[in-house]
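Pasting a structure below so you can have a look.
Naming follows writing order (A, B, C and D), and every chain is counted from residue 1.
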Amino acid sequence: MSARRPLPRWADILLLPAINLAMAFLISGLVVLMIGENPLYAVQVILYGAFGYGDGVGYTLYYATNFIFTGLAFAIAAHAGLFNIGGNGQAYVAGLGAILVALALDQTHWLITMPLAMIAAGVFGGIWGLIPGYLQAKRGSHVVITTIMFNFIAAALMVYMLNRVLKAPNTMAPESETLDIGGRVPQLREFIPFFGYSPVNLTIVVAIAFLVGAYILIWRTKLGYQLRTLGHNPVASRYAGMSNSKLIMIAMTLSGACAGMVAINEVLGVQNRLVLDFVADAGFVGIAVALIGRNHPIGIGLAAVLFGALYQGGQELQFVIPAVTREMIEVIQALIILFTGAMEGLFRPALERGFVLMSVEQKAEATARATVDSES
Amino acid sequence: MDIDLILSMANATLRLATPLLLAALAGLYSERSGIFDIGLEGKMLASAFAAATVAAVTGNVWLGLLVGVIVSILTTMLQGFASITLKGNQMIAGVAVTMLAAGMTTFLGQTWFSQGGRTPQLRGDSRLQQIDLPFADQLAGVPILGPIYSEVLSGHYILVYVAFLAVPLTAYVLYRTRFGLRLRAVGENPKAVDTAGISVTMQRYQAIFITGILAGLSGAYFSIAQGAGFGNEMTAGKGYVALAALIFSKWRPVPVMFTCLLFGFLDALQIRMQNVDLPIVGQVPVQAVQALPYILTVVLLAGFIGKAVGPRAGGVPYVKER
Amino acid sequence: DPAIIYDLGGKFDKSFNEAAYNGAQAWAEETGGNYLDFELQNDAQREQALRRFAGQGANPIVMAGFSWTAALEAVAPEFPDTNFVVIDTVVDQPNVQSILFDEHTGSFLVGALAAMKSETGTVAFIGGMDVPLIHKFYCGYAQGANHVDEDINVIENYTGTTPAAWNDPVTAGELTQAAIDSGADVIFAAAGGSGLGVLQTADDEGVYSIGVDSNQNYLHPGSVLTSMVKRVDTAVQDSFNNSGDDETFEPGLTILGLAEDGVGYAVDENNESEISDEQMSELESLEQQIIDGEIEVHDYTTDSSCPA
Amino acid sequence: MSADNEKQQRPDSAAARPGARSEWAIELEKINKSFGAVHANKDIDLKVRRGTIHGIVGENGAGKSTLMSILYGFYTADSGTIRVNGEPHAITDSRHALALGIGMVHQHFMLVDNMTVLDNVILGAEDSPFLNKTLSRARQQLIKLGEEYSLEVDPDALIENISVGQQQRVEILKALFRGADILILDEPTGVLTPAEADHLFRVLETLRAEGKTVILITHKLREIMAITDEVSVMRQGEMVETLQTKDTNPEQIAELMVGRRVLLQVEKQPATPGGVVLEVENLSVRDRLGVDRVKDVSFSVRAGEIVGIAGVAGNGQSELLEAISGISDPHSGSVRINGQTLDMRGDDGAARARRAGLAHVPEDRHRMGLVVTFEEWENSILGYETYPNYGKGAILDSAAAQAEAQKRIEMFDIRPANIKLKTANFSGGNQQKIVLAREMDRDLEVLVVGQPTRGVDIGAIEFIHKQIIKMRDAGKAVLLVSVELDEIRSLSDRILVMFDGKLVGEADPQTASERDLGMMMAGVEQAEAAE
């Protein structure tokens, strides 16, 4: 009897990903072996580096902050059936908005600067998402192309801005003036010494708020309902009287604005100035984060921490085992995406059969007991 | 606008269009069969690295090319296994394969050659040579056509000619052969293919096999033809531009060629417009010039191409039983 | 032990990071000592890496790259007993030595040589990205070329605007091809890893190229006219030797120019045949005039403008 | 002639031997099939006599399509045995079934819309790697088959450009082209006009006369009685009974299917129309290709009457519906509800139409009326999600929505009664009920209904018809579009006939004969007028 039952929820959500993760680390182990180092030790170092001490945890969370924003950005668009791979560009351009406001207000107080900078970043990032959205909605231009193009355009724009417009005079580096204290988002370490010197800052609170907000938006609001309808069946949404073109534009704007928050974490939170390529591909990682998190805020939160841990743990690994290079870290990350994301089905059939067998046996036992009881 | 500049532009256009064309055609086979492929970049990197490595070690460029293609095929098959057999998410598969290739190439390169992931520079027979078409010199004298033939068409790497021959070939395969018929069908309505007694899985694997070959050629072009040796991430995002070209041309072979030529031309233009005094506007910031190809692409797309609707079954794994 | 931290380009960027690495290696071979090093993945790791090495008691800690200012200003005061050496930017702290190079004068000389060798009256410059430091190279190069031949045409190109710009030999090659098509017969590459594409294409097309940072003459003997060497390697090596010990450590600003052999043009068996004796002597006299201050080479980064 | 030898035979040769060994073309024993938790087929036994037309009936979700898909090798059974012409076979895939001479016309056509008829026919049956030869051969054979069975279609037309009737011909030709001598048709007439249906039956009779075997799944007992020799009844995944058609009657079959007595003909009081509610004036609709689909159509519907629009599929009814309900911009003309003109600009006209009191049950529930990946309760607010009953502000009050959905599930007897179930897992009839419940259960002015009973079982049909009449009696204006002529005739108080985008005539359901209507629908009326 080849009949298979779907897995119990807990197995689907916890067991399967766990197995896949283990698998990914196993393969990564081989890579580590190649350079004659001990894989188990490597894993140990990664885990320690990511969660073992205050600074490590802080860095893990700092990276996770970025990935939450870019992951959510991708997910929001995805729920509306749009594949926004422009997260990099949207976050990058948002940096412009953030720095302009922050530079203007850095003599005031962060309580004034931060919210306004968030709005500015949201607007700049949002516009960078809205344009592709508009072109999709009214001209049918495929967002995948337009967002790819807008990533390149953003890069060019920012190089120009940083070299010709915003560049601070007394430095060779193409970067803006440094923000005064009033333009900086407070570091968590100021309240929680545990975090040592790590750059994790109040932006992470915003990120968590965004996770909750996104959940509410997508599953608890009427707009969210409409976006999901468009995403699942654009003909039905049109029949229902939703304006597909408007929804497309709204989704892309929200998505871009969300990605834009990376700028708050980096510019106001960590660098305290605008530097070249500060996004460092967080937008790209966000795609993986969202896909592995199945576009659900909880999943995205967890995936973001996972990737944050890999970044920080990987860095630890480089220090402890100098033979390990940053490319190996990249390989390990890729393997994790592969196994937990693309190949998540690898062990499903086996598991399902396992569960069927179990249940069958249990039934058998049960009936056996039952009959025994009845006899006695 | 003098004749030399025109010839030089035409030349550059062909050179720059070639890797895009090969990659876009690669994507065409995959996506026409219903497998979205944002892993082109990864395959190209893998092949570029493998080709350069083998060429450097054996000193035989053809062996390099072969191995490059094989490695690209293997990479494609890994991606295919995830998205066809395991019915995994095709986008994640693409992203993963790309990251894997980016990391692996540099890592292995560093372990083997310890030049920061670069392979040794290729010289002589370890690198493809530009080939002159027959009678290039004799015909050079002929007015107009002469220069075009001898200066523009002649004297390119073999892969350039392969790429442009692949276009009519692909068109023929797609519209005139059994394989092509089934390929188009399986990307539109796999159920119809299945009920017609054809294995959807096999059909898709065959398609991405070709994808592997073409992506491999495209990648090798970077490291053993246009360039001389592999450098980290040397495909510099061309895989994504190729994907854009594919969508731009609505997944049709001949338009793909023209789109890639257009992109190549825009890039060649950009290169020649940097820090040049333009009529009216004068000197524009170099960054504006560098962004020009991308801006023009968007404008053209929005202005003239309109809505691109991909293969209907694209992106979704084929599952019979819910 | 001494420690070196490379910038985002990575240890093997065929540019100044690699030069720094070579310096460290040379030191290790010379003294048999060993050193710590680290490759950054992102800007957030700058302070992290500094603290880590300082915490481990590494001394001195050398870092290459113009982006270190903020991180070092934050960390240096925390470790008053550690000596820091930063290359390509200035950090004003008691325990920091800042090393700058006169890229413009070195570039001036290779520009002059380029003009001497050029038959077409057109030479080219291909930079990685349009950033101030690279402009400094360009500006010196252009001045040198103009000095020799005032109506020479200098083509100025940049590879790209993304980090890939430093690792894109193919595009760099195309830029070179374009420059050659529009008449350039000497091309100066200041583009990190992309520069390889410039040297390669120049060789393929049988024109001269000029390498940068480390001596790249050996890459294409006879085609690479010379290399504008920037002795980051010796700077690192010296720092490793001296800066660890407060006796020999020289905090404050150090400028390495022609006089100090901090910058210059490389001549070796690979290219000596290409440079005639009179050209050689003319170069040497130019060099002397610059050192003596008779020739004033403008530094782009002082006012973000270029006379040439 | 041994079994394996038989397997090696090309289908044509299998076809070439009529009246061979066993009297049974198909014998199924103890077939079981489960989809996850759904047990779609339970120990099914079925014997189909060679050279007969064998009907299969059953409620939506009874397992008919599943059983046939197993026979056709699309699904593989969890257990059970299949005999074809007396020989046991483990049919692993459709290729195998085809090789055994089994062809199937699926409930949802298996055609590639953007390819030509010819391409679709040869797909999978190409006889060389290069198409030219195959194509020319297939073209001749297609024309030959077309004449032989009067199934003419333009071989070079794109599937997306031909009517569903034509598409079905293509499906049948596909089977014949592959030399099928056992032909399965799954609800073939669901989308056909009576005329097309009668034509189809003549084709099936010819096939039977040639000794071919036909298995026909349908919800229309009239068809069962008309042409089948035997009929098998399924209910909830089980085979209830197989009867000789001549010894049974529709009432008996219906009762076997549903498990209770069913009213097969609608009963309603004469209408008591009130004032005009819906007015359509000089409405013209132009599609994206610039072709006029609806040409200057004007009519009105009064409160408390059902106006039926009859017509052969593809004569503009769909476009008319979409324009009236605000889904697409009409090219010219206007639609008024209670005198208020609908604003149809933008791509959200449907919302304004709804607010004006127009409820719309679309022709195609899968494509348009539902988001099948949503849970049932989510679909029961589609189009009304912004209404205050589901929360005043931006927040969606899912509790309220779910309570309402629960109420409707009981009111409309939707099964399974589980508002959290994925809509795709409801059977056709129940999905239709979900849409009806959503659109009817509110205070509305006009109800616009397209193909309300397409692909729906008789139990549900009875229910749906009752509901529509209830709406009328509640004083609503009802506009009914259907290709089912007897549905139109039994429900409507007035019939308008549509042909080639124009309204070509009006008829009184009491007096007008099926024949006159058929004439009008074929545009004959016009032809005469023209002379």
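By our rule, a contact is a pair of C-beta atoms (placed from the backbone, for glycine too) under 8 Å apart; a residue touches a chain by one contact, two chains touch by 3 or more.
No experiment lies behind these values; they were computed from the predicted model shown.
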item: Pair of chains joined by more contacts [C-beta pairs], A-B or B-C; value: A-B
item: Chain A and chain C, separation of their C-alpha mean positions in angstrom; value: 37
item: Mean-CA-position distance for chain D and chain C (Å); value: 75
item: Centre-to-centre distance between chain B and chain A (centres being mean Cα positions), rounded to whole Å; value: 29
item: Multi-chain contact sites of chain B, meaning residues that touch two or more partners; value: 110, 117, 237, 287, 290-291
item: Per-residue multi-chain contacts in chain A, two or more chains; value: 152, 156, 159, 325, 329
item: For chain C, residues contacting two or more additional chains; value: 10, 130, 161-162
item: Interchain contacts, given as pairs of chains that touch; value: A-B, A-C, A-D, B-C, B-D
item: Chain A residues touching chain D - in the complex, by the definition given at the top; value: 1-6, 216, 220-226, 228-229, 232-233, 235-236, 238-246
item: Interface residues, chain B side, partner chain D - complex; value: 176-182, 184-185, 188-189, 191-199, 312, 320-322
item: Residue ranges of chain A touching chain B (in the complex, touch as defined); value: 31, 34-35, 83, 85, 135, 139-142, 144-146, 148-150, 152-153, 156-157, 159-160, 164, 284, 287-288, 291-292, 325, 327-335, 337-338, 341-346
item: Complex contact set, residues of chain D against chain B; value: 35-36, 72, 74-75, 93-98, 104, 106, 110-115, 119-120, 122-126, 128-132, 134, 174, 424-425
item: Residues of chain B touching chain C in the complex; value: 4-5, 8, 11-12, 15-16, 110, 115-118, 121, 222, 226-229, 231-234, 236-237, 267-268, 271-272, 274-275, 286-287, 290-291
